[in-house]
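What follows is chain A paired twice: with chain B in the first complex and chain C in the second.
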Partner chain A sequence: MAQPATKTYKKRMIKDGDWAWAYAFIAVALVVYALFTAYPVVSAFLISFQEYKPLGSTYIGLDNYAETLRDDLFWKSIRNTIKYTVLTVPVNLLISFVIAILILPLRKRLQTTFKAVYYLPAVASGVTMSVVWLWIYDPLPEGILNQLIGFFGIHNQNWLGTSDTSMFSLVLMSWLSSHGTSIIIYLAALLGIDDSYYEAAELDGANFLQKLRYIVLPFLKPTTLFLLVTGVIGSFQVFQNAFLMTGGGPDNATTMVGLLIFNNAFKYFEFGEAAAQSLILTVIIATIALIQFKAFGKDVEY
Partner chain B sequence: MKSRKKVLTSILATTLSLSVLAACGNNNNNNASPSASDSPSSGSPAASSAAPEAAKDTITALLPPISPKYQESIAQIEKDFNALYPNLTLKIEPAGWEDMTQKLDTQVNAGSPPDIAFIGSSSIPKYLEQGMLMDITDSVTPEMIADYNPAVTLDYMKSGAGLYGFPAYMVVHSIGGNKQYLEEAGVDWKKVQQEGWTYEQFREAIKSGAAGGKHYGFVFATAGVAARDYLTILAKNAGMADPFTKDLKFAYTSKNYLEVLKAVRQMIDDGSMPKELSSVDAGKRWNMFLTGQTMITGKGLATFENSAKANNAKLEANDGSAVKDSIKVDYIVLPVPTFAGAQPVSTTVIDGYVTFRGKKEPTAEHKANVAKAAYYLASGKVAAVTNNDLFASHITESAKAAAASLTIERSAENLAAVERMLTFATPPRPDIPAELSAKAIKLEDEVIIPKMQALLANEITPEKMYDEVMKAAVKEFGADGVVQD
Partner chain C sequence: MALYKKTHANPLVRRARDGAIVFVLLLFALATLFPIYFMVISSFGDAVEAGAMNYTLWPGKFTLDSYKFFFDYSEYSLRWIWNSLIVAACVMVSNVVFAGMAGYAFSKIRFRGRNVLFAILLCAMMIPYQVTQVPLYILVVNTFEMENTYTAMIMPGLVTVFNVFLAKQFMSSIPTEIIESAKVEGCNQFRIFFRIIMPLSKTVLAVMAILTFMDSWNTFFWPLLVTNSMDMQTIQLGLKNFRFNSTTYFSPMMAGATVAALPMFILFFSLQKYFLQGVTVGAVKG
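Up next, the complex of A and B:
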């Protein structure tokens, strides 16, 4: 009995003869998706089994995958990417959450101002941001950050030039920029919590931390999961900062997997190996996302 | 009314979809054939004008701002070429230095590169390995070949038996000093210019230069890939003129390479070079030179004399656009020191107009037309003006003749020093197979440069780096494919 009802509903939504129009309207999105998402993925899959040459590629089976899995630099780049993700994503979530909580009690106009201020770095060009950070990380004593640590009697550091500090420098850059999107999403979620919960908690004598623990955190769980999953995906694909700030150095200490794929493809023209590495990265990201959903998404409803 | 809206929307949707498809369409017809009839081109390719019945053709060129005034003269260059060959159109696509390689690489890998691109001769193996360079050996005329003096400069654009373009100029990558600081440190710079110096003499000189603690003795840009320049320049003067020996063995496993690596650390440990050297990029070291923070800088180009003079003029005129905190500096061209008793070898860079092909086999007519355009750009008036701007050496008789009427203000001592260095320029090596060169470039990128960065940051010893390079080289070329002295 349910099937005819569904059919009737669909018929009501789209009358006979309107199907063609519906397909015409979604054609643009479909063509764009097919050309710029589906086709590149299928093409990358095919190229990953080839030694790519513009004048004619050669089928080489699983050689690119085998070569990738044997490559020490690939595993080093995976380790670097995991290190970067672990150091940046949770801290960035915490920073965004704290700032959203601080903005929440403000008047609407002031809230909007702060949202705009924190979103501004997302609008600015990544290249421009990197130039500013390069200036901050000037290794000589007159560098901005070196002058700052100089007040505490610490000698100037070669921030981007040594393995000990280069990864930290990229992490610090992430901590201090680009929280705008997360703050806005957290704020929207915070504003969605009904005041009656806070009022009830206050009647029970709950303090700020208790309200945070028993009201805010449970309500924000879906938002946090969303930001965590997208944050990890974004972090695994990180490329720009390492490319512009360190070039992956020194001694590949900041070579992330995204940068390695870029180098293989566009520096050495080894598109087959780069495609294989991209697909391996896709599998890694998908697995991590699945684990995150399994671990944290049990009582989350969308 | 409702129906009309639907029709209008569907037309818009279809138009947008088709636009996307059209934008992704293959527009690879430049390399393939002349744009008009297939009638054969007539006359000598070097003739001053083409016969009226010659087929029309368009030649595309991707060119960076080769000299400061190059971009503004592009329209005139195109016009003059068309006046010389009325049936041919030269279409120049300007590119910035920053995105030149990326633009070209993208076009090459899509199978539709420009006919001509301005790149260094050292990049030829990379594109040849992709099969995308166009051999113009059969399309050049004896007049074009004869114009090159010294003739050997043309060999830099060769790989095996193929010729893949025309070189435009030859420049020496050396080092440069602050005249006042050199004299204060007791360095007889004129003698060094005329006779060269050994690493031991150089080490003492930069130690003296840094002795007061007011400035460093030597700063070389090494951040990122510039580390390759530093090592290459030093290695050439330690008996390794190329990554491969005459019998095609990988050279950077020689014991002399270890001596160079030891010297790299010594100069930092002496305090003659900054301990933060690994983060000093090209812009930073030039700033350090102009602001009096170093006695000698590298790499140095002859044109730096011009840049220093321009800044001096601004300082004298109290012009606010002078480099902040800069001082008046007289730039002195200096040769790179030699190591372990090796003969000096100058790092010479040959840049020029390299010829590319598309996926389709180019016709003989198109090849000849591309050769004409590349030669036109690399010689005569175009080369004369560009090379003079860059203080670069002319390598064609036609450019020398055209430059005779152009005035150039240049230090006689520096000019003589450059001329001397050109006498022991790195010889061309068309005998090195493209595949071998490509492997060496990857080994440099993946092992040598990262390890060099670690060496500069004092994270590994010279011996450790040497072992790592040896291990990677043996893995890549085999134990018999590397120098083991």
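Up next, the complex of A and C:
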């Protein structure tokens, strides 16, 4: 089939000349891509081997990489990022999954309403939400969260101000943020499971939990993998909340890799080191994504 | 759904079950919506320093003093909203047109290098933005010397790969016969795109427009990097500055946060359908 297709394709290309239109149509996209994505990536490689100065950088080989790997703060930021990812991504997936399952039996209108309600917080910007959460975490006894835990007889906490609780505060924010996207994706996948599977299971006398275990979970594996991989990738780059709420402190307890790179670049203007670190981050992210595909993706069909 | 036992034999059981489910769902919804509720309620409080007031969870007082306080903070506060609007609108329009065009070319026109080019584009989605951030900053600020301009804020976002991908996915489902017959009638590709493809792709283009606008409105770091004067800042930056300079003014800060978020809430409530559709359109892998 491929043979005749290529033949007519070549003939048509010469005959009607649409290929010129095609290049015209993709021109803007390609130029923007080349200028603002491709070139910066190449440039990042070059900068990572330099001691960058606005006038006349000097090549210093692998020094930036060596420096980074020796830097305790870099490893601490990696540990923080992993801690944050492990605490947020799986929990958020579980929350979305449970809610999607709960929404499923409702009537269509109610389904849509809940989807919208859960999506709503996502339309507010990160800055907006950080400003609000800052006051929820007010360390004074009058602070909303302190009032709440005071109700249960717990002493008031300096949520963002001590290294014991600052990471947890960012994690809690993530748990209570919008799960709308993953809920909607899960729900779409759930609606795609054919009823005949459930009917067959019912004939065999399966109960709700068994159906969940033997039908829903295997069917949702590709969806879960997709959400897991994108969630982990996203979480490794996240630093907006840390930047806006704790500034990475106290004592770098909430310094994520993303924030470290940002600070190196735009606070200390160590462009070379920042570029090297960002490339190391890329390698880490790619490795983790690959491991996830290998570990969980074996029997996933797309 | 058949995951749940069909309990039509006893409607009472079914109703009790649904009631319990809705209760649990509402409980969690309350938790995630609480920050927004808290923000809006508190924004109507007095514009006094935090020490002098108490947090309230019930709408007792209604005054717009805090909004006034926020807008009086800087002579440019209205301009921030205007700046955000300009940047977001330009990015949105350019994405709809150019990502739409590219998506059409990649899905429906055959040309040499099509698959290779598309694969190269897709690679971009796997690169963390930390990698491009520094060189992009150097390029725009040092090489192009565009610091503090709308162009600097708009240009890197003119066409995003994600939107090209979105358009291509959707447009490949348009029957090729329509395009063929338009060509027989003597339509050139330019007219085909604007007269046939765009109207047929209304849904995906609307989704794209809305999500792009929202992203651009809410974006924070890029404008932070390329602006250095109050008059060029976007509302997100203005809010951040306000928060750092008036740390104890609780209600005005909430008023500012509400101002920054309100346009998106309005957009969401009026175009909810497209927001929710956008999620599933975007998640389809190809």
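Operating definition for what follows: the second predicted complex is superposed on the first by the 286 of 302 C-alpha atoms of A that agree within 3 Å, B and C clash if a C-alpha of one lies under 4 Å from a C-alpha of the other, contacts with A are read in each partner's own complex, and residues count from 1 in each chain.
Just so it is clear, a residue touches a chain if its C-beta (ideal position, glycine included) is under 8 Å from a C-beta of that chain, and two chains touch if they have at least 3 such contacts.
Values in this document were obtained by computation on a predicted structure and should not be read as measured data.
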Superposed partners chain B and chain C on chain A - clash or fit: clash
Partner chain(s) touched by A:Thr112 [first = chain B, second = chain C, both, neither]: second
Partner chain in contact with A:Ile103 - chain B first, chain C second, else both or neither: second
First (chain B), second (chain C), both or neither touched by A:Leu281: second
Touched partner set for A:Asn252, first chain B, second chain C, both or neither: first
Chain B versus chain C as contact partner of A:Tyr198, first or second or both or neither: second
Touched partner set for A:Trp21, first chain B, second chain C, both or neither: both
Chain C versus chain B, contacts on chain A by residue: C
Which superposed partner A:Val32 touches (first chain B, second chain C, both, neither): both
Partner chain(s) touched by A:Gln237 [first = chain B, second = chain C, both, neither]: second
First (chain B), second (chain C), both or neither touched by A:Met129: second
Clashing chain C stretch [against chain B; choices 240-248, 258-266 or 276-284]: 240-248
Contact residues common to both interfaces of chain A (with chain B and with chain C): 21, 25, 28, 32, 35, 54, 266, 271
Contact set on chain A toward chain C in their complex: 9, 12-13, 16, 18-19, 21-23, 25-26, 28-30, 32-33, 35-41, 43-44, 47, 54, 95, 99, 101-106, 110, 112, 114-121, 123-129, 131-136, 138, 142-144, 147, 176-181, 184-185, 188, 190-191, 193, 195, 198-199, 202, 208, 211-212, 215-216, 226, 233, 236-237, 240, 244, 257-258, 261-262, 265-266, 271, 274-275, 277-279, 281-282, 285-286, 302
Of chain C, residues touching chain A in the complex: 1-5, 17-18, 21-22, 24-25, 28-29, 31-36, 38-39, 42, 50, 54-55, 57, 94, 98-99, 101-102, 104-106, 109-112, 114, 117, 120-121, 124, 126-139, 142, 155-156, 158-159, 161, 164, 183, 188-190, 193, 214, 217-218, 220-221, 225, 236, 239-240, 243, 250, 253-254, 256-258, 260-261, 264-265, 267-268, 272, 275-276, 279-280, 283, 285
Chain B to chain A touching residues, read off their complex: 6, 9-10, 13-14, 16-17, 20-21, 24, 102, 105-106, 108-111, 126, 129-132, 223-225, 274-280, 359, 438, 441-442, 445-446, 449-451, 453-454, 456-457, 459-460
Touch list for chain A against partner chain B, complex: 21, 24-25, 27-28, 31-32, 35, 53-55, 73, 137, 139-140, 156, 158-163, 246-252, 263, 266-269, 271
